[in-house]
Amino acid sequence: MNRIASLTAASPKRVLPGFGLSLGVTLLFISLVLLLPLTSLVGQLSGLSLAEYWAIITEGRVVASYLVTIGAAAVAALFNALFGLLMAWVLVRYEFPGKRLLDALMDLPFALPTAVAGITLATLYSSNGWMGQLLAPLGFEVAYTWVGIALAMGFTSIPFVVRTVQPVLEDMPGEVDEAALTLGASDAMAFRRVILPHLWPALVTGTGLAFVRSLGEFGAVIFIAGNMPYETEITSLMIFVKLQEYDYVGASAIASVVLAVSLLLLLVLNLWQGRFIRRLHGGKG
Amino acid sequence: MSIRLENVAKTFGRNTALEPLVLDIAEGELVGLLGPSGSGKTTLLRIIAGLEQADSGTIRFGDRDVTRMHVRDRRIGFVFQHYALFRHMSVFDNVAFGLTALPRRTRPSSGDIRARVHRLLEMVRLEEFANRYPAQLSGGQQQRVSLARALALKPDVLLLDEPFGALDAKVRQDLRRWLRHLHDELNFTSVFVTHDQEEALELSDRVVVMSNGRIEQIDDPDTLYRQPANRFVFEFLGDVNRLEGTIRNGTLTCGDARLSVDLDDGPHELLLRPHELKLSESASNHAHLPVTVTAVSPVGAEVRVELEADWLAEPWMATVRHADFERLTIKRGQRLFVTPRRWHRFEDSAAHRSRASLIS
Amino acid sequence: MQRIGDSPRVRRVLVGLAIFFSALFLLLPLVAIFAQAFAEGLEMFWANLSDEYTLAAIGLTLFVAALTIPVNLVFGVFLAWLVTRFAFPGRRLLQTLIDIPFAVSPVVAGLVYLLLYGRNGWIGGWLDSHDIQIMFAWPGIVLVTIFVTCPFVARELIPLMQAQGAREEEAAVTLGASGWTVFRRVTLPNIKWALLYGVILTNARAVGEFGAVSVVSGSIRGETNTLPLHVELLYQDYNTVGAFTAAALLALIALFTLAAKAFLEWRATRRENAA
C-alpha cells in the first residue's frame, strides 16, 4: 500500500477520484489471478536441468505434435484470412436480404462452447455424418485426420479476421475507391493495389490472432482429431495426457513452450502493427 | 477539350438534385461552380466525372459522347476535397499510380514513368518529398500531390471538388493563385466546385451560380458581380444591406429615414452593398439616413463598420477606406449619416428583372 | 456513386460465396446440434434433460457463472476506470497483461492453477494440510473460470470509455460530486450497455469453458461435472443424443448472446442516427 500511496501523492493534479483504489484492486487481481499462477510454472520447471528440459520438449512424439498443431493452425489461419476478408467485404460493401443475420452468425464460434463445436463437427464429418457421407465417396476423409483438426481450428477462429477487417473497411472513405477509378484502374487492380494494402495491417493482425488461438485450441479439436500419437495428436492434448499420467513436470515443460510461442507471436504482432500504423498516421521515417 | 451538357438531370430518391440543365464549357476554360451546400454543384461535377450517373441528358467531351462511359475511361483528372491520397503509398507512388495502372501495351517504360512523375513533382514544387508518405505532409502539400496525381495521365478535363475547402485561409490564397498560373500554362479545361464566392470570382474565367439544383446565372466574374440576374445571385455574391419602406412622390420613408428614389408609389425593398454606402457627418439633400456606429473592425484594405438605427430591422455593414475612416474619426457610439452611392432592386416575380440605380 | 466491385456480376458471385460458406461452416453445425438433440423425439429430449446428472451439471455450471460474473465485473470496471481516466507509467503494460488469458491455451491455464493449488503446489500443500481442497472441486473450477473470462468486461468498457473521455466526470467533480456519486450518476449511465454486453460475454464463456475446467475438475459425475464436461462424458459414452441435448442447452445460451449483441448494436446505430 505504500507504493500506491506514494503514486497518488506524486501526482496531486489528478482531478477524478479513485486512482488509488482502482490501482490497488487491479494490481491485486492481476497478481493473484494472472501472474501468481504463471510463476508456478517457472517454479515447477526450476527443478529441471537444461538438458532434461530439452529432452522433454524435443521428444519425438512431442515434436510430431508441434508439427501437427502448427501445420493445422497455419491452414486454418490461411483459410480464415480468405474467408474473413470475403465476409468483411460482403458485409460492409453490399446490401442484401439476411445481411444482419449473417453478420450476427459470424460471432457464433466465440459464443458457442468449444466442446459443443467439437462434438458437432465430429458428428457432422464422421463417415456417417451429413458431411462425411457426402465427402467419403469423393475420397475425402475429414474426421480423425489433420484436415479435421484444421477444420475445428478454423471454425473456432472465424470471427478474428472478420471482426478486425470489418471496422477498417467501414472507416475507409469512398473517395479512396473513386480516386483509384478516376485514375483509370480496373476493379481488380484497384483492389490489389489500393484496398488490400489499406486493409493489410488489420488482415495480418486478425490472421495472427486466429493462428495463436488455433495453436492453443483444445475442446473443439480433440473430438474430431482422432488423437493418434505422431499423426493427429495436438500439443494441447499432449499436455493433457501428461497431466492424466501425473507427469506434471513434462506437462509444464511442454506448456512453457506453447506459452512462450503464443506470447512471442502476440508481441511480434503488436510491434509490427505499431510500426505500420506509425507510418500511416505520421511520424518520421 | 470542350464539355457540353444537355438536359442533364438527377434525382436521389425523392429529392431533385439537378433540374434539367444545359451547360457549355469551352476548351481551355476554367469554370467555377458556385452555390450554397445542397445546390447541386458537387452532383453536377460528379456527373461530369462519371462518379454519378445522370438520370437523363447527354454529356459530350469534344465530339466524344461520354454519357454512358465508365469513369475510368473518361480521361478525366479528379481532385478530391479531402485529397483522397493513398496513405500506404509514397508521394512518388501516388503520382505514378495512374501511369502504372495503364494496360501493359500503353504503359510507358518505368524510366519514362519515373521521369514524368519527377517532372510533375517539380511542377507542384514537391520534388524533395517524393519518398515521404501522405501523413508526413501538410494539407496544402497533400492537395498539391493530389493535383499532380490527377494531371499525370494528361487528362482531357480536370475536375476539382472544393479543392481548397479543407485548408486555412493563407494556404488557400497561395494555392488559388498557383492553380490559376498552372491552368494558364498548361491550358487544360477545368471545372471546380466551391461555396466561396471570393474564390469563384478570383479564379474563374466564367462562374456558374447554382441553387436548388438549378443554374441561376453563367457569366464572367465582372458581369456576374455588376449585373446579377436575380436576387439570389446578388445576395450570394456578397454582403447585402436591406432598406424597406414606403414610397410616395419619389421619396422612400422608413421611420425618420428618408431617401429620394425614382420609383412608383407603394412599399419597396432596396438592397445595398456595404461598399456602396458613404458615411458622412451630415445628411444630404436626397438622403436622410441617421445611424449609430456599433462596431468597427479594421481588416485588410478596408474598415468594416457596423451600423444600427431605430428604423433598421437588422444592422447594416459599411466598408470604408482607411483614409475616410481617419478623416471621420469613426468611433463606436458615433452618430453618422449614410448616403447610398447606388442601390439595387429585384422584382419578386419569377421574371427575375433587376434594376440598379446610381444616385447623384 | 461508383465503388470498386459494385458491378452486379461481381456482387452476386461474392454474396453467393459468402452465404454458401457461412451456411456450410456456421449454420450447418448449428442446425446439426438441434437436429441431433431431437433425433429421438421431444420426449427423449426431456428425459435426457431431466437426467439427475445433467441437472447437477446445469446447477454447477450456473453456480460457477454466478460466482465468476460479479468478480470479473468489479475487476473490469476498476481496470477500465484506471486505464481510461488516469495517465501513469505502466498503463500500456497493464492493458497488455489483461490480454494474457486470450493468448494462453485453456489447457495451459488449467495446468498453472493445478500446479499452484494442487497437492504438490506452493499454496496447495499448505491448503491440503488444513484440509481445504481447491483442485478437483468447485473452487478450482471457479478460479480457472475467473482466469479465462477476466478480460471480457474490461475489453468492452475500455474502448468506449476512452472514446467518451473524462469531461463529463470532471464536470461532475467540479460540481462537488463524490467519487461514488460520479460513478453512479455520470459514468454508469454512459457505459451500462457495454457493461451488460461484457457480462453476457463473460457468462457465455464461463458457462462454456472446457479445456481449463477439464484439467482442474476431475470430472466427478454429479459433483464436479460442469455442462461442457458432461457433454464430453456423454459423448464418450456413445450417448450421442444425450450429449447433444446438453449441447443444445449451451447452444441456446450462445444464440442468446448473439441476439443480445445484435440488439445492442442495433440500438447503438439507431441512437447514432438519431443524434
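Going in written order, the chains are labelled A, B and C, and every chain counts its residues from 1.
Keep this in mind: a residue touches a chain if its C-beta (ideal position, glycine included) is under 8 Å from a C-beta of that chain, and two chains touch if they have at least 3 such contacts.
For clarity, every value in this text was computed on a predicted model and none was experimentally measured.
The two chains most heavily joined by C-beta contacts are A-C.
In this assembly, C is the chain whose CA centroid lies farthest from the centroid of chain B. Nearest to the common centre of all protein CA atoms is the CA centroid of chain A. Computed centre separation for the pair chain A/chain C is 16 angstrom, with centres defined by C-alpha atoms.
Between chain A and chain B the centroid-to-centroid distance comes to 54 Å (mean Cα coordinates, whole Å).
Contact of a single residue of chain C with at least two other chains is seen at positions 1-2. Contact of a single residue of chain A with at least two other chains is seen at positions 178, 180-181, 190, 194.
For chain B, residues that reach two or more other chains under the stated contact definition are 51, 70-71. Residue ranges of chain C in contact with chain A, taken from their complex: 1-7, 10-11, 14-15, 17-19, 21-22, 25-30, 32-33, 36, 74-75, 78-79, 81-82, 85-86, 88, 94, 96-109, 111-116, 118, 120-122, 143, 146-147, 150, 166, 169-170, 173, 178-179, 182-183, 204, 207-211, 214-215, 228-229, 231-232, 235, 240, 243-244, 247, 250-251, 253-255, 257-259, 261-262, 266. Residues of chain A that touch chain C in their complex: 7, 11, 14-19, 21-23, 25-26, 29-30, 33-38, 40-41, 43-44, 83, 86-87, 89-91, 93-94, 96, 98, 100, 102-121, 123-124, 130-131, 154-155, 158, 174, 177-178, 180-181, 187, 190-191, 194-195, 212-213, 215-219, 223, 236-237, 239-240, 243, 248, 251-252, 255, 258-259, 262-263, 266, 270.
Against chain B, in their complex, chain C makes its touches with residues 1-2. Partner chain A is touched in their complex by these residues of chain B: 49, 51, 70-73, 76-78, 80, 82, 84-89, 97-98, 101-102, 133, 135-136, 149-150, 152-153. Chain contact summary for the complex, chain A toward chain B: residues 173, 175-176, 178-186, 189-190, 193-194, 197-198, 200, 279-284.
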